[in-house]
């Protein structure tokens, strides 16, 4: 996939198309019922999470099953920043990334002593310990099951320093230099960070560092006998990817200042694994697509109840309607998990390589050419086309 | 010839009571090609693995150019100038030949770890030129953008050799470089090894094929049942009755 | 304030327009906010419908409870729109509900899945608010979710009518101006249970608590401990158990020789089902300690949990918010129409959800507007009757409902598959009331800046 | 002393459950090289075999339920009871152990269909894709169960005679105060038998020997002209049956619901990996070890010193073991190292 002589023109195009597609999401998601701030924010945030995860898993092949811990720590750090320092989003994001990076350094240092499934279980164990402690014993720091929330009585030292007016009656909201970070502004904030994150990921993919990581994935033994110390490379990749997760976690808190412990549970770790594989591990835009698809299902498909179906199929005669609605109802609304499960199976059975592979096939079908050189443009195409 | 550069002193290694190497002493001169021969199960591969740090000997030590190799990490040993070609080629199957060779090129230029995350691969002109040059040397330049996994076994071996050569090692360890090759490929490999001989690096070769040994080696040591039973220039080893008895006599 | 009903465009439409404009001008929708300050979120004035958001667990351990809640909501919508037999519309006093929708608008709804996770519940509630344009969010089956969604609704200026939530925190330290709880709480469970425990088991008992290790469990443990210790009981030990432990054997066996003669299980849902059935298997109920029969108490349980626990629940004392066997007019009317619709009696969660919907609708009628601060003012201090638990008050200071509390026992001889709980006693409202200041917290403002 | 003895029993009992689940998982891991995220779902399916069996033998006539007056309701009387009287009642009483009769063929079928229809196409695919497809399958199985049986746990009673507790204290001379539920003791014995049977099958039959050889080196066994693929089907079916009967027998201890499998999934992976990849003995050992450690960590005396230790002990032990022993307790080199 690395094309040495490829002029960076293509990458520039890719970034531009990607940025345009992300910023235009409110437009093109509207017909799909996906245009509302919360979902758009989730797309961007989980996109960041998945892109970061892909730097570890896609490049090095190390499957971490504990990335949710970094997401959670990012959230907690951000909410504490809101509580103690200021409602401004910037310090929250910085703290989220830093603390997640710190935790990633510790967990990575220990877990990277092992490879393969042993590594996966070590990361899983660390994350589950974090989750269980956050849920119970660490409640003074995490507020347990309910999740860490803002309170009017929080110190917010910096905010108090710079404003002398009395606090407003309600809770303050997160802001970026006066702009409230919920709703569409929050989305654009996340989107900009997503684009930056994507750009960094692209640069890593195209850098000698990225090449080394791919080398580790391909043949760790040869890497060692090539004179390369694989541990620091791995640890760096792990920390970077943990920092992406921390960024995503802090953005979750920025757009909605509540940090719950279940963000760290293994199911959350599993979700990002599924997103990445579903979209296409090791591809640039795949994880982002996977994240979008899963979040779309979770938020939109789960909302199709019988009354919605009745409306959607109201063009059918009543007798048909009576059959169609319950049957379709099995797969949407409370049955949305079933559809998701089926989707996982169908995609992995028919499209090894994930969604990106699917788009590539479609693209190749139409151009009836295909080959390595087209990879990048195909990916760019995917972005625009989705 | 030159000074002794590789020393194996009193190496003992046993696996669960079974002695694989007993009291092996071996000294290799700089710039020579030293072949280690011996019947199957004589401990040749074990010896090589001890040299490269993959196995830790029970006693004894390996010294290379004044540095003790025993107990060091593989990447440290490699950075000291020791490279190895494996019996089954260890290459990056999913990557292009060019990438396969570029990775060791970075290792040679930047050492065991340098992040380089802010650089673009496409801007690494000199590394690429070097890689292409090496690929030309081993005769694979035409295929440099194909995936390494699709190569024939002989080509894979040559690729691996190229990956080692770009490291500019002082010592190259080769584990049966022609094993499982057709005669044509074997000859090509011999030619290649002869060509690189002129570069003045020290080589230790483990080999079954006597044709290869006698075309390349300056010195030969014979290993049988974990012990060195004979050594010297090829001609004298060939005529050593002990060797004939233990190895050549039995085999031919 | 007076012209809040006059609005040109819906806010949602404006948001969309703002987003599109934002792309071009790089100045997203925020410029609109000041111009429409008197607007309130999702104002339905120009639409013929009013939309409510039913946010219930549809997956995860409480999915069945959530499904029952949803049934109740749909029934409530029917009744509000004048379909069906009207249910509690006919028994509620005082009531301004007409059966012609709310304020002349047809009631519709959107549903969502909380997954019993704070994040998912908030995401789902946000979808309803931002996309579906609901005016009120209701539902849920755990306190964590209730607290999380309640605080979201406060920020968003949307009224939240809590579903099943029993923690003291919901109307205690985490109470919100926009959140209302009809369900009772741990404190009230303790206060209601104590006299019955005294009567049944005497005042000289030694209790051992197993407590689910999270906020609800702790408040429950504290409440029960306080009220039993006030009776003269001794607390031998309080042990925290991990949520979702599954096998509780390692926590149950130490009870056997602890000298305790009562085991109190501060567990809910699956934890309760598992710990109770396992405790019974360990022969706790056949034991004699200190010359008394060993007893197990489950301070909070529901019919669905009783069903899951099977025979183990028989004879166990606890409290419940409501039970379908109640014979007052309101309960009878509700059970009848629910049973006729779905072929099974409603659960206590369903009852709460149904009542909450009617209460909200009625408050809108009383206020004559959907403007949340006015609706809130109507609900605060609202006294009503005919909804199943006798005369009930929505206390203004903490938005907690006060009503009689049912003390129940697992039925030894159920007459039907639904007849699992037997009402032992009804502790009158006066005995479970408490001073709202003991739990702290503050409600926050009526007006929410948007 | 009493407390320690009883916690050892608890630990063994827990360990038996862990070991049984891990056994099938590691078998599939080791021989087929498949990361089966649907293994928990197989355990759950087994538990629902018990539920189904109970449902079948209690198929009932609907009788008007006089106890409900508010609306027209019906109650049910099992045919088995109407036809066979007391014998019928006894059969119903023993429905849990008897449902193994249903579980074995059903799980065999499920295992066979799953392996032939899906798993076999994934032998050569990357682990990540195996995870995705088996996880998807687990969700589908789970949702189907939920659609049919609901989400609420369904209680399964042990036979009347085994519902109480055994006086184990008097057996070992520790006084009368130590009781332990009969069913848990039976579960312990049962799992011992199943584990032994699986080991015996692998150790003493030629069939099993080939499978074990295949675990070590699939290619070589393939070269010997043995149809290893067919044997893989059998192995997978065995794993499914083991998970299934473990699920059946666990129902009186833990009333099953559709989510049961997911709860055991993570745990069973931890057990397998701590035991060491490709090692059956390791998985069993790890199961019992983790069970006992967990029981002891939950003792009040321990919790007083380390609050919350019981929340994390499993993972803590796993981390320590994996950091000290690179391949778990008894893992072999080269299996799933990458």
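Letters A, B, C and D mark the chains in the order given here, with residues in each chain numbered from 1 onward.
Keep in mind that, in the parts below, a residue touches a chain if its C-beta (ideal position, glycine included) is under 8 Å from a C-beta of that chain, and two chains touch if they have at least 3 such contacts.
If you want to know which protein each chain is, UniProt gives these names: A, D = Branched-chain amino acid ABC transporter permease; B = ATP-binding cassette domain-containing protein; C = ABC transporter substrate-binding protein.
Source: prediction; values computed, not measured.
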Under the touch definition above, the chains in contact with both chain B and chain D are A
Could you name the chain whose Cα mean is nearest to the mean of all protein Cα atoms here? A
Most remote chain relative to chain A, going by C-alpha centroids? B
Once you find the CA centre of chain A and the CA centre of chain D, what distance in Å lies between them? 34
In whole angstrom, how far does the Cα centroid of chain C sit from the Cα centroid of chain D? 36
Taking each chain's mean CA coordinate, chain A and chain B are separated, in whole Å, by 45
At which residue positions does chain A touch at least two other chains? 132, 135-137, 337
Would you give the residues of chain D that are in contact with at least 2 other chains, written as numbers and ranges? 308, 311
Residue numbers in chain C touching 2 or more other chains? 59, 63, 67, 213, 240, 242
Pairwise touch list, complete, is A-B, A-C, A-D, C-D
Which residues of chain D touch chain C in their complex? 2-3, 6-7, 10-11, 13-14, 17, 65-68, 70-71, 73, 75-76, 146, 150-158, 163-165, 177-181, 183-184, 252-255, 257, 259, 263, 294-295, 298-300, 303, 308, 310-311
Can you list the chain A residues touching chain C in their complex? 23-24, 26-27, 30, 33, 35-39, 42, 132, 135-137, 139, 143-147, 149, 152, 168-171, 173, 179-180, 182-185, 188, 252, 256, 258, 260, 262-263, 298-300, 302-303, 305, 307, 333-334, 336-337
Touching residues (chain side chain A, partner chain D) in the complex: 57, 61, 63, 110, 113-118, 120-122, 124-126, 128-129, 132-133, 135-137, 220, 266, 270, 273-274, 277-278, 281, 330, 335, 337-338, 340-345, 347-349, 352
Name, in rising order, each residue of chain D that touches chain A in their complex. 35, 118, 121, 125, 127-129, 131-133, 135-140, 142-144, 147, 266, 269-270, 273-274, 277, 307-308, 311-312, 315-316, 318-319, 322-323, 326-328, 336-338
Can you list the chain B residues touching chain A in their complex? 52, 73-75, 78-79, 83-84, 86, 90-96, 98-99, 102-104, 106-108, 111-113, 115-122, 124, 127-128, 145, 163, 167
